[in-house]
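Input: structures, listed below.
Each of the next two complexes has chain A plus one more chain, namely chain B in the first and chain C in the second.
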Partner chain A sequence: MARVTLDKVNKIYPSRHGDVHAVQDLDLAIEDGEFVALLGPSGCGKTSTLRMIVGLEAISGGVIAFDGQPVNDQTPEQRNVAMAFETYALYPTFTVAQNLAFPLEVKGVDKATRDEKVAEVARLLRIEPILDSFPRQLSGGQQQRVSLGRALIRDPAVFILDEVMSHLDAHLKFQMLFELKRIHQTLERTIVYVTHDQMEALALADRVAVMSDAKLQQFGDRDTLYDRPANTFVAGFIGEPPTNFLEAEVRDDGTTMRLTIRDASAAFVPDGPRAAAIRDQGLRTVIVGIRPQNLHVRHDEGDEQITATVEINEYQGEHSILSLRDGAAEFRAMVPPSVKTGEGETIDLSYRSRDVMVFHPETEVFIS
Partner chain B sequence: MSRTAASAGQPNYRLIRYVLLAFLVIWLVFTLFPLYFAVITALKPVEEINRMVPTFWPETFRIDNFSGIFADPGSLKSLIDSIIIASANTALSLVLGTLAGYALARYLRGALGENLAFFILSQRMFPPVAILIPIFFLFDATPWGTDSYITLILLYLVFNMPLATWLMMVFFRDAPKELEEAAYLDGYTPLRAFFKVTLPLVVPGMISVAMLCWIFAWNEYLFANLLTGTTVKTFPVHIPTFVAGSQTLWNFVMAFSLVAMLPPVILFIILRRYMVRGLSLGVVKG
Partner chain C sequence: MVGIPILVIVLIVIYPTIWMFYHAFHDTNMMSLFRQDWQPVGFQNFEAVLTSERFRNSLWHLAIYLTFGACLQVVLGTILALILYESVKTGWMRVVLLIIMVLPMMLPPSITGILWRFLLQASNGAVNHILLNVGILEGTERIDWFSVDLSLWSLVIADTWQWTALPLLIVFSGRVSLPPAVYEAAKVDGASGYQVMRRLTLPMLREIIAIAFILRFMDAYKFVDKVYVMTSGGPAQSSELPVYIAFQTGIREFQVGLAAGYAIIIFVGAALIITLFLQYLKRVMRNAGVVD
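Coming up: the complex of A and B.
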């Protein structure tokens, strides 16, 4: 097992239309036995990063080290990494058992040990009944488990899982998330999990590295990402439905500060520390971020209130999403399905002043 | 009233179908008539083949023609020569085309690879007659001369290898790269990954490429006639030798041609499943 560290790692793809900088100065330290997710929209450089860790892609700049030892010049085999591919990449001419045994066979492990290990992994992943089938005869979920099994059968320094759940339906995905978490808890291995699905990343990983535009935006556990997002990108990417961002003007009389939404009547009241931070930077305008989950119909002691007009009341089963308008500002709130306020009606919503996130108007960096 | 309105407004599908069927029948008449004429001619006696008004059904059937052609020992030898040359050339084309196609598909993407691949394919489009004389002198200068197996085996590579390379490149592009990458991670060298993992995936493609190469080498007449003919004689060169004085024995010619048609037909029937799959792969993705 290994600590994986990335130090100022860069990936540049040369092309006829100029170089493509796919990964830019990426620093990442993954602890031994940690489950880390690389999260980001497609094209953000997460797959390039992972392919450099594995050794399938040359590193354009920087150092990748396992347990402090640079591995830049090592082959995938020397790095001893196991990877499960998005497309599963099962050898179509081999049976499931042969697929699982393949990595051991290459290493020259004898047949008895191989069979033993295959049986063990098959039990762990519950694929015993399909060991003699060929990959094309399997469902997506089964193929995915076999591909996971082929990675697990080895004793690698680090496991790399590349978008392994993107082809599974919601029900199966839920089940596999649970299994994967269970496997990690049993084996206690370093796992790097690449995904574009924040739900997967937050459910599985100890820490999540959020990437966008070839750069690392933030690396932290789910509470940090959720409550203290580094910038508007992370705040918007983490959480469903996405965070509301509203441009606001700072109205400050020295004791109370109000963030008045531009071209609207509503104003948000930040809590003390936040107001102080805004004062410190001397900002006249800010970007206010408030999560739809943090706008409530229930009013608790000490909550602040805003009023808005409902445009759409979208029923989604366990909750409803209200699309709201106040002047020129549009935002959304997540409310219980019992709220029946319809189009054109006004509604009072409460929020806690500490749930108001404030971002710098130009750099979009989290202020407080 | 309603019926006329319907027939005026909607296309008459039945009529369209009859027209299409009529085209098919015309097409069949054109393609099958030569075959039909070859079969009946092969069964006619010599007296019947040269009539001014040909008979369209033999008056007397001479099945003996098919054994008669093998009275000439050169007949069987020419078939064997053709099999040797076509098979050896196919094997070579396949080995070289597969390796080159793999290299183009995996290691030479981008402009250079595309241009090189197209240059290779363009060899096949070149009119061979243009280089007929230089080729003759070229092989004449070799230690084995023009009239030998190795001459035609090597010469047909000029036509078959570009095709094999191009088609194999297309098949290899369709074979997922992740499989090889998975094999690298599992500890395979690129060479072992190629033979154990990727090559089995393109076997249907290889079979269809082999068929195309084999049939080309089997049928080739121009170069075979010019370069060989004494120690080595392929069957297309042997066919015109069925003469008695100034009389061409069309019945023997046709009988021998029909026999020579059998090997590719049999091969095609056995391998057509792979052939169609392999070719359609190339057509869709190429």
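Coming up: the complex of A and C.
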């Protein structure tokens, strides 16, 4: 059980072609028992961050503390962390049971207790039938579960899980997401989970730290990330299909504000507080962000409306994705599959003005 | 075009082999070859080999040579390779050290033999001089490295000096290719250096070490060059190995029939041992998933 805090943590890899700054001034406070996901595209520094928390990578600057105690100079063993690796890292000459028992074996736990714990973890992860197999005989998914089991069998301060679901098929992944969530609820341990898959991160974590370009972009729960993204990167990264970004000009007559899309006829109407913020900053142009899910065909009381031409109506089973065009502007909307509007036809779409996100045209920071 | 290589193989391999098998059952020697007249003698040549004390002694020498030569080389090579891997992390330093350690292997075995014959000379060899300087030997005391008791061990020393680098290279490259993530996992699990070595590294390198041993074994089995230049099998046949006797009998004494008997018995022994090795290699490859 531990609170993990990162204070201005930096990671610099020296190289012949100049230093690579992999993590820049990262601040993160993970509460005791919290499930936190580090989310970001490949190369964003999330794995470096994780390896510094574990103690496999030296910290170039800043302080990592467990329960307020700096651990910069401690080995992984002293930090008492357990880790599941993306590449499984199973011991090839051991059977599954021996792999699971190894962390206990090196601590000098007696055989009877070891066997008991192995059986318990095997039941939890449904790997009982393969306990006597060797890693090379297992599928990727099985190996991944064994690797997870080897972390779970310990009694660590923090669990570190590195892309542990990347090699599971969709069905098994769903099942494992559920299991992992349940494990977290029973054990109430601090878990740091690294992934590039936003679905996993949002489904599992209490809070998600979104990283990009070696920097922390935003750290918050899923509603915050979804409704109040810190900048265009977070808005574009969270959500599928990605948020539509449109450059717009501010038309303001003092009472109503319209954000007219450049080279197009449509305009979005922001809600009161946001309009006030735009006025305060005296912006002439902004970036409008609207999620495809928030453009509806159904019209509710108080909704605003825009009209666009359908270019592609892409049927995806539970919904359809409309690729739309208005003048030079292109954007997408997610609609029920019953919408049959085809190529070249126009469609009226509704949105709630509070779903219109507005970003600063240069800094791309969210305006609230 | 295919005919030429086949012709060459027939001339230099198949024909002499058939010739050898034929003469193994005859009393061929220099005179009978000269007169083109030899008599069949049945299994007499084989009987002579198997009942000869000289041959039995040479088998014992071979056993000592394999245990303390080939095994020592593999054990030393493995230890050096792992020390080199664990304690030298700089890339160019590793390369420099590897080159230095591999240098003896670059010398022709016969030259190495001559070199060690000088180094091990009793009266003014460098080895005895060093032992004198560090105080192991005193006054006029000298170790006679080519005495009945020691000459086989002198061969072992010279051969180990030359060939330890081969298992070293094999084990080093094996260690380099072990997955680093496994070691990180062991670090996170809290395994000590000894536990990692004993439970992970050595078991993972087991097959590689076995292959290094097989290579050294095959070479040691036909070991003849250093025997020839360092001790000539002596003194009093105390450092003779089976292949050397076959060579002596056939080329020096021209007892072609008897030498063919030696050669065939040595060949059968090699075939048996190689079959065992192949069985082992097959198991290794099955475990590694190379073949079903």
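Definition applied: the second predicted complex is superposed on the first by the 368 of 368 C-alpha atoms of A that agree within 3 Å, B and C clash if a C-alpha of one lies under 4 Å from a C-alpha of the other, contacts with A are read in each partner's own complex, and residues count from 1 in each chain.
In the analysis below, a residue touches a chain if its C-beta (ideal position, glycine included) is under 8 Å from a C-beta of that chain, and two chains touch if they have at least 3 such contacts.
Worth saying up front: this structure is predicted, and the values here are computed from it rather than measured.
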Exercise. Mind checking chain B and chain C on superposed chain A, clash or fit?
Worked result: clash
For this session: For A:Pro76, select first, second, both or neither according to whether it touches chain B, chain C, the two together, or no partner.
Result: both
Problem set entry | chain B versus chain C as contact partner of A:Arg16, first or second or both or neither | first
For this session: Return first, second, both or neither, reflecting whether A:Val106 touches chain B, chain C, both chains, or no partner chain.
Result: both
Problem set entry | Partner chain(s) touched by A:Ala65 [first = chain B, second = chain C, both, neither] | neither
Exercise. If you stack the two complexes on chain A, which partner ends up touching A:Val339: first (chain B), second (chain C), both, or neither?
Worked result: neither
Exercise. What is the contact status of A:Ala89 with respect to chain B (first) and chain C (second): first, second, both, or neither?
Worked result: both
For this session: Would you check which partner chain A:Leu172 touches, where first means chain B only, second means chain C only, and both and neither mean what they say?
Result: neither
Exercise. Looking at chain A, which of its residues have contacts with both chain B and chain C?
Worked result: 54, 56, 75-77, 81-83, 85, 87, 89, 91-93, 102-103, 106-107, 150, 154
Exercise. Which residues of chain A touch chain C in their complex?
Worked result: 54-56, 75-77, 81-83, 85, 87-93, 102-103, 106-107, 136, 150, 154
Exercise. Tell me, which parts of chain C touch chain A in their complex?
Worked result: 179, 181-182, 184-192, 195, 199-200, 203-204, 206, 287-289
Exercise. Hey, which residues of chain B end up touching chain A in the complex?
Worked result: 110-111, 176, 178-179, 181-188, 197, 200-201
Exercise. Can you list the residues on chain A that touch chain B in the complex?
Worked result: 16, 54, 56, 75-77, 81-83, 85-87, 89, 91-93, 102-103, 106-107, 150, 154
